[in-house]
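Dropping the structures in below, format is structure tokens.
Consider the two complexes below, in which chain A is the common component and chain B and chain C are the respective partners.
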Partner chain A sequence: MIVRALLAAAALALVTAPAWLPSPYHLHILIMAGIFAILALSLNLLLGYTGQLSLGHAAFFGIGAYTSALLALKLEWSFWLALPCAAVASGIAGWAIGRLALKLRGAYFVLVTISFAGVISLVSINWMELTNGPLGLPGVPPPDFGPWSLRTKRAYYYLVLAAAAFTYLVCHRLVHSRIGRALVALRENEPLAESVGIDGTRYLVLAAVVSAALAGVAGSLYAHYTRFVSPEVFLFTYTVTMVIMVIAGGQGTLLGPVIGALLFTALPEALREAVAWQWQMLAYGVVLVVLVFFLPRGIVPSFERWQRRRAASLR
Partner chain B sequence: MLTVEDLGVSFGGVAALAGVSFGVRAGTITSLIGPNGAGKTTAFNAITGYLRAGRGRVTWDGRPLTGRPCDIARRGVVRTFQKTSVFPTLTVLDNVRTGLHLRGRAGLWPVLLGTRGVQREEAKIVETAREVIAFVGLERRADEVAGELPYGEQRLVELAVALAARPRLLLLDEPAAGMTGAEKERLVAMIRRIREQSVTVLVVEHDMRLVMGISDTVIVLNHGRVIAEGAPASIQAHPDVIRAYLGSSSAPA
Partner chain C sequence: MEQLLQHLVNGLVLGGTYALLGIGLTLIFGLMNVVNFAHGEFYTLGAYAAFGALALAGLPFFVALAAAIATGALLGALCERVLLRPLRRESIDTVMLVMIGVWIAMQNAELLVWGGVARSIPHPFPTAPLTLGPLNIAPLRLFVMAAAAGLIGAAWLLIQRTRLGTAMRATFQDRDTAALMGVPIGRIHTITFAFGSALAAAAGALLGPVFLAYPSMGDLASLKAFSVVILGGLGNLAGATLGGLLLGVAEELGAGYVSSGYRDAVGFVAIILVLIFRPAGLFARAERIG
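Moving on to the complex of A and B:
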């Protein structure tokens, strides 16, 4: 009951956010949180549900961003065509990495994803003709929606909100299906999963493709929002941020990554206002350590556990 | 009919299985026994694709049984594990639903679109899962987390997961290990009922009373070889078997 009410209130707050947020700057933070929520949900499909850690997730994000930006700039494609193409391009990259690395899994997968992100980043820096190198690609056009251009923050906010809701729905349907059960089974007990006919490699590759494609969607949204794409999209920091969001929020839950994304997009901004610049990163670290120390399994699983205990004690 | 011919597995020069041949007739309960280290679990692993045999062949239904464990499961050959093996953080119901994997067909797009067909299939899977749970007698535990159940019940969950995969040949690796006397009796009744549903059963088990009670045929392994094969009564009287179990020093290594 309480949870339902809280969720409904949160949904209402998100839908009406542009009306009550004090400034466009705050709306900007919320837009970035939405993009990161998509990324965290996407990473969570792999890390939370299959237990495979992709430490090169920024690569899929960046491939999406570049694909979308290049299609819009060089071929003047509409955003609505560029977005799915970005998802497909990232999905193909996810498929290739999955095929390459998921036969051996575990630490091997972590290493291959890191190296992949490194290589893609180098390509984006050095392929001057295509990517304009370190200078990046300025002037990515904002999306049009019929006769309107979604150039205002308010309009773009609703676009990102819809995309995040779509991503959430995709993840929800997937994890509550036989495909999702297969993924969790592989995380929980791979030999047992194989013994009942679950093809481990096939399902892990499938998860990698969907995860990468969703990261590509986030990349496209990012490119058309900031209107500028440079090799910085491949920064390792982005991947680390995603991992923090997933683990702090609660891996293997659907709401966890969303809460993690909101929290860890807002936190650095809040610290910027509250703490002198020298201490910002330190404060960020302290918050993270405290969170992991007291809620080692993440915010959402800890909350669920607390709820179950309370229900049990009331019984 | 399962046929194992000249199966050989070596670990770093040590032969765990040194050319094992035996057959399991369809519709029977066959036990594989032998002292520790005789190669029973190795044989299971080789038959079900968890281990690649160095030599020999396994046939099931007249066709070679090869490939990865999931390919072999698709042919109706399903195993359980010696160490308790469930999906620990999932509920009993979700454990069994996972075991029903091959009975579902829903692919990525229907799942993402949430089609009627997918919803119907899910409802059917839950229904079947509840039937399987009832078969092993765990109805009251259906919504409890499998890893938190008592040991004996976890073994039943494991059995339910294997049964959910609709085996035609079921390989049970020490299913009674750690069970109390009453639990063992229930297990024996259950294995008999499984056979009645025309499932062929191959059991590795240490409890001789249990083995002699349920088996149509008993196969004895020692040092990676078959040393005896036959009806329970003839095995109990077999001199080589007695020697293997008593560990006579004159036995050839």
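Moving on to the complex of A and C:
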């Protein structure tokens, strides 16, 4: 009951945010939080529901950003065509990596995904003709919506909010379907799941494809928002940020990554005012260690447990 | 032909330090089951410790090297006692996340202390290259190769010939049985992590004067160490040595004949290909990895 009311209030606050936020700077943080929420939700499909940690997730984000930017710049395609193409390109990359790497588990899967991101990043730096190398691609056009340009922060905020809501719905449908139950079964006990006829590799590859495609959507949104793409989109920091958001929010929950994304986009900005920038990343590392030690299951599962306990004591 | 020989020699210099990194990581990974993403940070630590001892404290070069190795061992032991020991019963993924946190924290602590500017580490060797027939090699690089070979030999002796090494190998093969036979597993873990970290610091202190010391230098070092471990097979000392030399030579050849921009891609591609086609490593006699 209380949780429902809280969620409704949070949804209302998000929809009306441009009206009550004091400055465009705060709206910018919220837009970035929305893009990261999509990324965290997509990573959570793999990490939370299949138990496989992809530390190359920035690669799918970057492939989406570059695909969208290149289509818009070189072929002058509209954003509305470039966005699905970005999702498809990242999805294909996810399929390839899934097919190759999901034979492996745990640390070995992690290493293949890191290496894949490393190779893609080197390609983006060295393939001057296509990507303009380290200089990046400036002047990515903002999207149009019919006769209106979504150039303003307020308009873009609603675009990102819609995309984040769409991502949440996709994840919700997927997780509560047969596929989601199969993924959880595989995560909990793979030999047992396979013995009742669940094709492990097929479901894991499917999760990787959906996860990568959603990260590609986030990349496209990022490219058309900042209007600039450079090899920095492949930075490992992005991947680590996504992992922290998922773990802190609560892996294997749908609300966790969203809360993690809001918290860990706002936290560095709050730290920026309190401490020098050099301390920010240091604090990030320490926060990650502390989280694993003291809140290993994340915010949302801990909250749910607290709720259940309270309900039990009231009864 | 002469160019090829030159590339081979340069590759062996690099490869020797890669082997040191790889041996350290293969011990930690194989024996403790810790996916140590902070391994490269101990490499960075070694380079900066050498820089600090030389440029700030004014110690002689060889003392500075020893100081760097000791710093690596000490901080490694501390890291194991404070962070890894309480998590020994946790899953490998949990511990991996903690090591990712340590990696980020250490790298940014180094950025805070030393700043983002790359530092060159002074060394006492003459800069004029020695000419051996068609080959040119800087005396410093020759020393790096010799020192790496010496350290690899020492590591091998420690693992194969001493009581401590026997205990370490027993722990690697079967932790519970080793514990039943009276091997103090906790202490073996601390020593292993300290020893692996010391080897990484040694690699950093040796390669630091050849290149430059900068805070993010450990990122690539970590990935190269993982490539070496995967090439050589988990927990395989000889494999890590060969894998390190192989990776160094392959990188030199790749940079020389294909494209210098893709030098670092060699390690990445090696990881992907070996894990997909020969997950037990190139030199494994039997399947070690499930």
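Just so we're on the same page, the second predicted complex is superposed on the first by the 296 of 315 C-alpha atoms of A that agree within 3 Å, B and C clash if a C-alpha of one lies under 4 Å from a C-alpha of the other, contacts with A are read in each partner's own complex, and residues count from 1 in each chain.
Going forward, a contact is a pair of C-beta atoms (placed from the backbone, for glycine too) under 8 Å apart; a residue touches a chain by one contact, two chains touch by 3 or more.
Remember, predicted model here, so these are calculated numbers, not experimental data.
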item	value
Which of chain B and chain C A:Pro147 touches, first, second, both or neither	neither
Partner chain(s) touched by A:Pro22 [first = chain B, second = chain C, both, neither]	neither
Dominant contact partner of chain A by residue count, chain C or chain B	C
Touching partner for A:Leu122 - first (chain B), second (chain C), both, neither	second
Partner chain(s) touched by A:Tyr284 [first = chain B, second = chain C, both, neither]	second
Touched partner set for A:Tyr108, first chain B, second chain C, both or neither	second
Which superposed partner A:Phe236 touches (first chain B, second chain C, both, neither)	second
Partner chain(s) touched by A:Gly139 [first = chain B, second = chain C, both, neither]	neither
Common interface residues of chain A - those touching chain B in one complex and chain C in the other	none
Partner chain C, residues of chain A touching it in the complex	51, 53, 100-101, 103-104, 106-108, 110-112, 114-116, 118-119, 122, 125-126, 236, 240, 243, 247, 278-279, 281-282, 284-289, 292-293, 296
Partner chain A, residues of chain B touching it in the complex	48, 50, 68-70, 73-74, 78-81, 85-90, 94, 97-102, 104, 106, 108, 111-112, 114, 118, 121-122, 125, 158, 161-162, 164-165
Touching residues (chain side chain C, partner chain A) in the complex	29, 35, 83, 86-87, 90, 92-94, 96-98, 100-109, 111-112, 219, 223, 226, 230, 259, 261-262, 264-265, 267-269, 271-272, 275-276, 279, 289
Chain A residues within the chain B interface of the complex	170, 173-174, 177-179, 181-182, 184-185, 188-189, 191-200, 206, 210
